[in-house]
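Shared between the two complexes below is chain A, which has chain B as its partner in the first and chain C in the second.
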Partner chain A sequence: MTPESSTESRLPSLRRARLRDLRHLLLFAVRRLVALLVTVLVGVYLTIVVANMGGQVDELRLVQIRSEVVETVRADPAFFDMPGEERNALVERQVALEVERLRLDQPFVVRSLDYLQRAMSLDLGRAEQMHSDRGSREVRDIITERLPATLLLFGTANLLVFFTAVFAALRLSRHYGSALDRTVIALAPSSAAPGWFYGIFLILLLAFLFPLLPAGGMVTAPPPENRLEYAASLIRHMLLPVAAMFFSSIFVSIYSWRTFFLIHSSEDYVEMARAKGLPSHRIERRYILRPALAPIITSFLLMLIGLWSGAIILEQVFNWPGLGSLLFQAIGHRDTPVIIGGVVIFAYLLAATVFVLDILYALLDPRVRIQGGRR
Partner chain B sequence: MADTLLKVEDLALHYRTRGGAVRAVDGVSFDVKRGEALVILGESGCGKSSLARALMRLLPRNLAHHGGRVRMGDTPISELSDERFRREVQWSRMALVMQASMNALNPVVKVGEQVAEPLRELKRWPRRRALERAAEVFQRVGLPLDFMARYPFELSGGMRQRAVLAMALVAEPELVILDEPTSALDVLTQAAIMNVLKELKRDLGTSFILITHDVATSSELADRVALMYAGELVEACSAARFFGEPAHPYSRLLMKSVPRLHERERPRAILGQPPSLLDPPTGCRFAARCPERFARCEASPPAFVPEGGTGEGAAESRHRVRCWLHAPSRGGEHG
Partner chain C sequence: MSAVTQRRAWRELARYPSALVGMTIILLLIGVAITTMVAIPYGEALERWRGGEMWQRYPVNASPAWMDRLSGGNAARTLVVASRDAEIEEAAFPGGRRLRIPLEFDYAYGGFPSEINLFLNAEGHARTPFVRLLWQAPDGREIPLGGYRIGRQERISLSQDRGLERRLGGLAPHIGLLADHTGQGEQSVTPAAPEVLEGRYRLLLDAVLFDEQAGLEAELVLYGRVHGVAGTDHQRRDLSLALLWGTPVALAFGLIAAVGTTLTTLVIAAVGVWYRGWVDAVIQRLTEVNMILPVLPILVMVGTLYSTSIWLMLGVVVLLGIFSAGIKTYRAMLMPIREAPYIEAALAYGASDLRIVWRYMLPRILPVLIPTFVTLIPTFVFLEASLAVLGLGDPELPTWGKVLNDAQSQSALYNGYVYWVVAPAILLMLTGLGFAMLGFALDRVFNPRLRSL
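So, the complex of A and B:
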């Protein structure tokens, strides 16, 4: 056997390895951050170009400004007895002022960079036609007013689906082939229909045939003053949409997670852990869940990304004042600032999520951390 | 016999399949002495790996039957409950190096931690002490100590195999079962691993069961050889006897199929296929491929009996054969 002393003196190499890991991790984080910022920049710029139709929206806007100015000048009694030429000059002056204010005299490329800079610094500007429920024309107000509603509804439903599915799947993978397992597999095709489809039936059943729950909206009108009552009303309104989303995806989620866990529990190292005589809870935690954690977290965060955008049809069916319907309306109104604002916020949230994901991945999987840092 | 470490009688492992029960291990008996290396030879699909699993109680989901008596020293380990077996025998007295150990290490846990894990989990050793013991076995199998802080993907195949070996040795088991430990490695790495095994056998006094299909590799380590065919042992004897003058026709054909460097004779293949384990033949399982078969072979199965008849000391003899040619009395009933 080796003398104890030599073993002792070489064990601290474990600590050195931890330092090495940390350095790799930092390097990796910085590199990913830069890459993500560039991605957001490109994404937002493309949206600006597309949403302005390469500057054509500004031509429309010019026409609109002129007609608005003409209209106000003509309607204003103060200018009724002004001579035609003078009035035209006034219109020209007003239009020029407005053009200068909006910097429409600059070429689109310059303005697009201007928009980009403002968008990136979250200065989202004012909407063309839309306004928030409180009457604000600020895009930021319009969006922040809708965001909590979307997050609340979709967050509740998706978190519920995610955790139920993962834990149920873990159970099923332990007893795979059982009657319950086969039932879940048989029910998986139920997810072929989207949430709003179930929503329609739920509304029909529980709001009209048996009027137990509200058919739509977020709270009763007028909203209750009392906080507790407000929360109770909110929950009552959330029940149906959450149930619709839950049923539309729960079975297929359990099914796919169960298959995922089955694949991961047939790895050689799991078999080896069994041979080692490790207790089954330890095998499950350290040999099945731990190596599989990276993909689990990925799908969790991808689900979170999905939350940021809401869902257009479901929000319409349940008359839910969320981001999905907002974006739909903005597209209908060709309200460029609102569209761009929505995309900018989405891009930032997406990038932040991906960054968190990258870091978590690196923490969880040494293959990402070490090779990623080395490259 | 006091120095018998492992005594296996009538070990069986059957799998349930759509077509019926597959009798992968069907009444296998053998023993291993302390410090001895037993090689279990056999072609693919003969049930070698299932034998290792049956011993370690690594039972599959589609288990149809698991039976037999296994004694380890004075402990009848086949009588123990699963929980007691796990606590008292598995890994601490009997460890397994599995086939395909390229992937036998958890990809997200440092190698040193994995090697030390059995001590921490099964023997409740503190982390520091377990890691120090792991460092000892690292040196023993020829792994540099700084590999303890690495992850499996940073190790080459040969190094990974050594790490798995270190893991098997860490709790100082009396018996290590090696299931095809070198089959995924290139020839040079194979030789290096075999050398490590020889050193371990010399220095530690551990018993080994080496399961392999590779006659040449097995001859390096073997004290004794047991040849497996279609779920049964057909011959068990000393390595010298097996590699020199085996008794069973299958053993003899097998030895002739091995290419040799200094002999004129060309290797000869054994014709035919092994029988299906779903429905093995009623007589001798090798009969269909045996050049020396006679009427009796296909009629009734030969027993696994001491070679050389019923003379004095035959029962004590550790050379056993399953063949009518070597039955105690050719005219008598089998058994």
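So, the complex of A and C:
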């Protein structure tokens, strides 16, 4: 075979391979999406069952229906000069009608499916006492208002921790056994404490003893008009919580990555590359990092999931107006619709995280591309 | 694990100083926990932590005494002067008696007390007795503190007496009564920086009782600014009680949760690997569902809707932890073990499924599990603290997290009660560090892939 003919045949085959990869990727994505949807469905259903075990959801809706009915009856001028008893009877009749209309008299199994459908479509109902800053009583509005703050804070902190940890670990695994390396190992147990714990001390130190940074909140009050000033104020307020999260997880991440890279760099093919005399940065990128990428992504995912939960208390400690402190306020008000809505949103967030990382995983892992995710 | 490998593991572990430090901390904590449980029984601890009467002779928000002494201060401790130790003059008159009770004490602290209360106890009187109070300072000044009718149990809050405060020139009574007034009239004391007049003070109780038999007991309490090893909180409760009792609670919670989650997870992973097929598939799917369930929000929900009892929380934590992500890891570890020849041998002699899972597969990966298990404990200890900080702590039990929660709700850092936050935080950190240090060292001993590094 001549060299020309081989290149000619390789080009279309390459394109065909790309197409095949894309098809497999799509298939994989759809399959994962369906699987995750089912997962969320089951998870939310479990949440509803837990929440309704004490009859809470039913009671809640009954109270809501009653108050709505009373309100309409009172506001209707047609009933203004109705005697009290008659009006009460009317309210009772209306409530019974409404209960029947909403099928509250049906067994729980049937109704729970109704709740599930509402929760999945994010129809989260109305809050009992809380309202969003704009004044809406819809749980959905309350939650969407708080979501960006949480995403901003935790996105920043997580990405920072992740990239710092991976690059620091690469450096350390290169100078394995050095003083710096041993210091990091010795510091790793400090991550036993969660971020909010360090947050308390950072506030004590940098906000009260040496008042350099604000103790809490998201921007100064009143918020600055100028966009640049707004951003600057935001960054100043973010410094402490991000530092708390960073400090609480950086050492253990570096430690585990370093161990991971050390294990990978003692593989035979890496030794082989070294023996060939390849430059060390090339070995690092092509021989150590590339095959290790998939597990890196997995552990990033696990870290993200862990941090979503930790968010609640950290936000509370730093008075950060995110989902976590919303949940905390909802506990204070015993505002059940908001609490359940919060759980549903968290479930969706976790599922979204898993999905995004699944796709990344598929892009990185050639086995998924080639076999279409079949195991 | 045989005795030989066990001994070798110990020897290897002893090579790591961090493991030794961690073990020392853990043993110390266990010692404290056991001593506490023996010294203060469970019921008594709950009863006392509920607060109320029994703490009324304790100061409010006093800092630890050692903190003040270390910084060279001489802040006031609580002084209790009881009538039992005083020489009572008694004079009978028709239809009753007249008592003169001098309550004397030496005051030599550098600072003023935080509060002054007088507790009077007059049992079994048909007609309410009457008492007149006179304060005698070492410099000879005499300040009449007014007269009181006393019920069966009376508490006279001298610090709250606004009239007395005005007479003392605007100084709070617990400051004005003990301040140095030399060379100045009673009214002209500068309220800016009053100084303590040291010496022997006397509170003279001049009581008229309309009864031949029944007596009168008096207790003058000068509340200190410092108290004990750990200080007190806003409800006058001694914090050392909560800090001590928090130790067994934290250890028990961490240990039970760690055992409950790791063991069940391991067994389930092994069952899935052994039976394969739909059992494995169900376990895998359940794990994926569980990964999406947000643990803390669910705990919050359960705490809000049902009860915040620490045992219910523990149960939910274990339940949510059963199908945790750990199953995937254990599964990966168990897969090659399933195909090992010794399992085939066990099958050949007719071992049952259960026996193979329980006696052949599980023991193989138990050593790998130990480090994970040890490092998991502090996670759960902090989880309990986190729930308490969120206000979902056990309603009755004193725990470290609840102390932190109290401190936060009383803005302790803002008000300068640093000890209130630092003491439970240090204990939490110690627990976390102890287990984490041991766990990391164990990881390096037991994890075969790390041993060569």
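Note that in this section the second predicted complex is superposed on the first by the 273 of 375 C-alpha atoms of A that agree within 3 Å, B and C clash if a C-alpha of one lies under 4 Å from a C-alpha of the other, contacts with A are read in each partner's own complex, and residues count from 1 in each chain.
Definition applied: a residue touches a chain if its C-beta (ideal position, glycine included) is under 8 Å from a C-beta of that chain, and two chains touch if they have at least 3 such contacts.
Just so we're clear, the structure is a prediction, and the values are computed from it rather than from any experiment.
When the shared chain is aligned, chain C comes close enough to touch A:39, but chain B does not. In the superposition on chain A, A:278 contacts chain B only, with no contact to chain C. When chain A is checked against chain B and against chain C, the one touching more of its residues turns out to be C.
Of the two partner chains placed by the overlay, only chain B lies in contact with A:364; chain C stays clear of it. Of the two partner chains, chain C is the only one touched by A:204; chain B is not. When the two structures are aligned on the shared chain, A:267 is found in touch with chain B, with no touch to chain C. Within chain A, not a single residue is touched by chain B in the first complex and by chain C in the second. Residues 56, 58, 61, 86-87, 90-92, 95-96, 98, 100-110, 112, 117-118, 121-122, 128, 131-132, 135-136, 139-140, 145-146, 148-151, 153-154, 164, 167 of chain B are the ones that touch chain A when the two sit in their complex. Interface of chain A with chain C (complex): residues 35-36, 39-40, 42-43, 46-47, 50-51, 53-54, 56, 176, 185-186, 188-194, 196-197, 200-201, 203-204, 208, 255, 259, 262-263, 266, 302, 305, 308-310, 312-313, 316-317, 327-328, 331-332, 334, 336, 339-340, 342-343, 346-347, 350-351, 354.
Looking at the complex, you find that chain C touches chain A at residues 18, 22, 285, 288-289, 291-298, 300-306, 325, 375, 378-379, 382, 385-386, 389-392, 404, 413-414, 418, 421, 425, 428-429, 432-433, 435-437, 439-440, 449-450, 452-453. By the touch criterion given at the top, residues 1-2, 4, 7-8, 10-11, 13-14, 16-18, 177, 267-269, 271-279, 282, 286-287, 290-291, 364-367, 370 of chain A touch chain B in their complex.
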